[in-house]
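Below you'll find a set of structures to go through.
What follows is a pair of complexes built around chain A, which joins chain B in one and chain C in the other.
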Partner chain A sequence: MPNLQDELRSYIVENYLFGQDDGFRNGDSFWELGLMDSTGVLELISYVEEKYAISLESSEIIPANLDSIEKLARFVSRKIEDSSAGPEIAPAMDTPGASQ
Partner chain B sequence: MCGICGVVRNDGVAQDPKLIRRMTTALRHRGPDETGFYEDSHISLGHARLSIIDLAGGHQPMQSASGSLWITFNGEIFNYIELRDELTRKGHRFLTRSDTEVILALYKQEGEACVQHLNGQWAFAIWDIANRKLFASRDRVGVRPFFYTKIDNRFLFASEIKALLECDEVKRELDLTALDQIFTLWVTLPPRTAFRNIWQLPAGHCLRVENGELRIWQYWSHQYDPNPATAANEDRTAEELLSLLTDATRLRLRSDVPVGTYLSGGLDSTLTTSLTRQVAGDRLRSFGVSFEDAEFDERPYQSEAASFLNVEHTDICCSYANIAEAFPEVIRHTEQPLLRTAPAPLYLLSNRVRQDGFKVVLTGEGADEIFGGYDIFKEAKIRRFWSDSPNSLRRPMLLKRLYPYMENVQRQPAAYLQHFFRVEATDLSNPFFSHLPRWELTSKLKMFFTDEVRTELRDKNVYAELERALPTEFWGWDKFCQAQYLEVHYLLPGYILSSQGDRMAMAHSVEARYPFLDHRVIEFAARLHASLKMKVLNEKYLLKRIAKNRLPDSIVRRPKQPYRAPDARSFVNHKPSYVDELMSADTIKSYGIFRPEAVNALISKCESGRAIGVKDNMAYVGILSTQLLVREFMHHRAKESTCQTCKTSYAATL
Partner chain C sequence: MNPVATSPLNTLRIDPARETERIATRIAEIVFGQFKRKGAVIGVSGGIDSSVVAFLCARALGKERVLVLFTPESDSSPDSLRLGRMVADSLGAASALEDISGILRAAGCYERRDIAIRLVVPEYGEGYKSKIVLPNLTDAREYAIFSVVVQSPNGQIKKVRLTAKAYLGILAATNFKQRTRKMMEYHHADQLQYAVAGTPNRLEYDLGFFVKNGDGAADFKPIAHLYKSQVYQLAEFLGVPDEIRRRIPTTDTYSLEQSQEEFYFSLPLEKMDFCLYGKNNGLSAADMAERAGLTKEQVEHVYKMIESTRRATLYLRSNPILINTTGEVG
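Entry: the complex of A and B
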């Protein structure tokens, strides 16, 4: 997990902060940090799908899965495990966006 | 349409006769047909003429019949025939058929209030010989430009900044506050320009220079007074609008040279072409831009409109390479950084128009601002509607109706779309509610500024300055009118009519005229009830109503697609050598405005095809255009600064 977090952090810093790591925490919300524009999440999805050979369902594209380094790492590692195990994981349902 | 310039001095020292000639020469692209000068010990006036009305008699600068006044004038007074008749009845005599002489007579008759009677697009300066007084004015909405600066005992003015820079004492410095504003609002707040100590006369303003004193005042402003009666009798309101637009078009067809139109295939330009066809009668030529990149191309709509209206249409097809190659010239003309490449195809289009023998085109600009066409108005309406019931699951789904022409926005997951457009309780009372998502997104580009630039700007607050500039009436207008004001008062003159309008057309000596920006049409639209501008989420409702029986249904019903062009992609697929040079770490570092490592990361992102968002595209174009501006206008200064300080970068010396 730490390695995955480091990997994702370096992608976030390169792609959204253009190389300038200002010391944000891995638990900080990307939205609250102002890191992504409205299409930034599409870039993030393409990246993790390609890099980790996983496929995201639209119901999984919610802040609960993607909005911080920690959440993203947790979600990606679950997806990786899941893809090697077989069936799809259930989307998180504890955020307002999940029900839409 | 022309280029104007002048130098007023109040210290009795003789003028340098070469300066006004250099200044006028710098404006020759605006007026290649002839040049003229007036000089005495107090003033020099210059004029580069594009002959459109009274080809034989309209030479400038022009002296009044009485001999007491001189004028240098850029633009058109469309109601000059009616004004001339009135003035003749009052005893004025005229030596020419030109609109220029009408301004002189009207000034003689009405003094500085003369501008209230003008229907047109103008920037002019009148010199009163006996009183040694300069009076200058710019049209109501800022179609024609007027820049000025003061150096010691001299007041210099010109249609473009490059003419002012012909005076060696005028410093070539980038205004970092202007950059801060552009990287937030897309425009500078008038009178500021991208150049430090060079100012623009704001739209709807006059100025006077007398005894070395400069005074500026506003003679017209946008006022909103929506009247429910306009919605109660929709038929009559639609008839009035059609009659007004027809008359605005009729006046704008006054010309002694052929007139064409710009036809994009959208509602506004197609309606403009239709009205022009109706009034002009003869065979009409229209011109449009098409794109190799299908995301931006509107060719099928243009063909359909041209065929339906029976006009001869010419389009120029723009490739990425065309945009990249034209971009340095585009920035030389805009004289300010851009966040979009959209002016570039219009620069190429005016070239084609001129090659085909046209000096004048009518276009549809202004309709989206005054009749409520942009998605930003719709976006604000949806966000406000949603905020009335924040827990609603259905209301935010309306956000999917926004920006149907932007593929990446349409692909966005609903949860994220909602997050971007979310409404905080404090936002509702914010005067910039409608524009905050756009401005906040644009402000993110400042992450590319160097620490030195950020330090310089740390006490600046763009929103506070904008709020101070708002008229008192703003606070009493409804939210839709407030949003319209922000578009029409700032973005329209600061970008649409300048960087994308006057500067691109005049680069090739083409004059654009705008029926929707006839002040009678603007004032009529400002009295419309909100439901006639946007009925539920149907934008430009009243305009579509009058277009319904005149234009193909597919054009009236098509979703709004604002004119756009490919941004960062233009410079990635085909990269002229200047791009590598200006975006190299060395040059970025030497100019000192942006962080080289961040720019490098942005370039990598764009080149790998990962820069799909609006923010990254704006960042790329914003950085490249700023670098071009510095190279074009300030580079020699940068070299001096670097040499003097050895280690200090250019921006840090500002």
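Entry: the complex of A and C
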């Protein structure tokens, strides 16, 4: 199974960098690099929700969770764990409203 | 003098008489001298910007060389037409009414929009109203993500975050409105051998708050260099009716009333105006914070948002790009 970071990196490079990933690092901020506008963020949300069968709460749609490949991978990984563990499991980080 | 040592209003203060004369002179040079057109068509929405442009064109070209055009559609507020007529009457200028609802229906504007909304609100249908909104945003820990607000026929309001597909679907459908309006403006301009005036102010022009080949299309844009608060100063000087000057800026594009702040800026207009001024004039976030009534971090975030929005909207401002320029006409 491909590593989650690699998988997300492929998506980001293909869709936001048009295949040109020269010097782009997994810790780089999408926002600082001007990689995506608000429509780009909506696209990213739709992608991870569909691809990983997770649902993002509004309170989770923040740069702390989505603004680099590393942050995104950590967040998606946690969401996958949360959803497989069931709704009683509290989110690992300070993401109010993550469980319902 | 440190420009931020005065209030935001004073910082953006202009000499409206002098600015009016300067703009009017340029309008006449452009329309008569450069374009050899006989007058100007102005699509007037009853908002502050289009009203000021109509007043400026009448002053520059003569009221008899101005056509004020109204283009309401099914979702327009009745106030738009009423206030638009007030502008034409104040000027004593000719006006024409083109209800574009039929064209929009034929193009599938409303149907396509409703289909896009149903992607996130499946029950949306006959009798519902809607608008899309941004959160009020000055917090760097959040994203400016669009939601749709719908009102059911029995008055219940619901707000749902949009998916990219739904957002783009709604946008692409509603953009028919601005493009149809512009088509009608050029129709009248062709008939009269007039030029078409564009009405964006500096905030809208700089941040791409317009539809490409819609309200972004024009032969000249006489207030694109003026911040919103400066447009209000001109309005007062020109004698734009008080009710128009007091009206809250609206997009008048959605069936639920939608302010420009909700749709695009996600920050009170006067603060956005002042922050854009600060950014354009190299003022630090720390200097700006107190005067704008924001924190330093908030101003830093707004500055970044301006940069990011400029990058994202470069395409909107760009003219068609040639692979090679042609020597004869550029």
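By definition in this document, the second predicted complex is superposed on the first by the 85 of 100 C-alpha atoms of A that agree within 3 Å, B and C clash if a C-alpha of one lies under 4 Å from a C-alpha of the other, contacts with A are read in each partner's own complex, and residues count from 1 in each chain.
Note that in this section a contact is a pair of C-beta atoms (placed from the backbone, for glycine too) under 8 Å apart; a residue touches a chain by one contact, two chains touch by 3 or more.
Only a predicted model underlies this, so the values are computations on that prediction, with no experimental measurement involved.
Chemist: A:Glu7 in the overlay: touching chain B, chain C, both, or neither? Say first, second, both or neither.
Modeler: In the superposition, A:Glu7 touches no partner, neither chain B nor chain C.
Chemist: State whether chain B or chain C is in contact with more residues of chain A in the superposed arrangement.
Modeler: B
Chemist: Considering only touches as defined above, state whether A:Gln20 meets chain B (first), chain C (second), both or neither.
Modeler: It touches chain B, and chain C stays clear.
Chemist: Could you give the residue numbers on chain A that contact chain B in one complex and chain C in the other?
Modeler: In the superposed arrangement, which is not itself an observed complex, chain A uses residues 31, 34, 37-39, 41-43, 46, 58, 61-63 for both chain B and chain C.
Chemist: Which residues of chain A touch chain C once you look at their complex with the stated criterion?
Modeler: Residues of chain A touching chain C: 31, 34, 37-39, 41-43, 45-46, 58, 61-64, 66.
Chemist: Give every residue of chain C touching chain A within the complex, in rising order.
Modeler: Going by the criterion above, the answer is residues 134, 140-146, 161-165, 167-168, 304, 307-309, 311-312.
Chemist: Show which residues of chain B lie in contact with chain A when the two form their complex.
Modeler: 393, 397, 408-409, 411-420, 440-441, 444, 447-448, 595, 597-602, 605, 610, 612-616
Chemist: Quick one: which bits of chain A touch chain B in the complex? Just the residue numbers, please.
Modeler: 14-15, 17-20, 31, 34, 37-43, 46-47, 58, 61-63, 95-100
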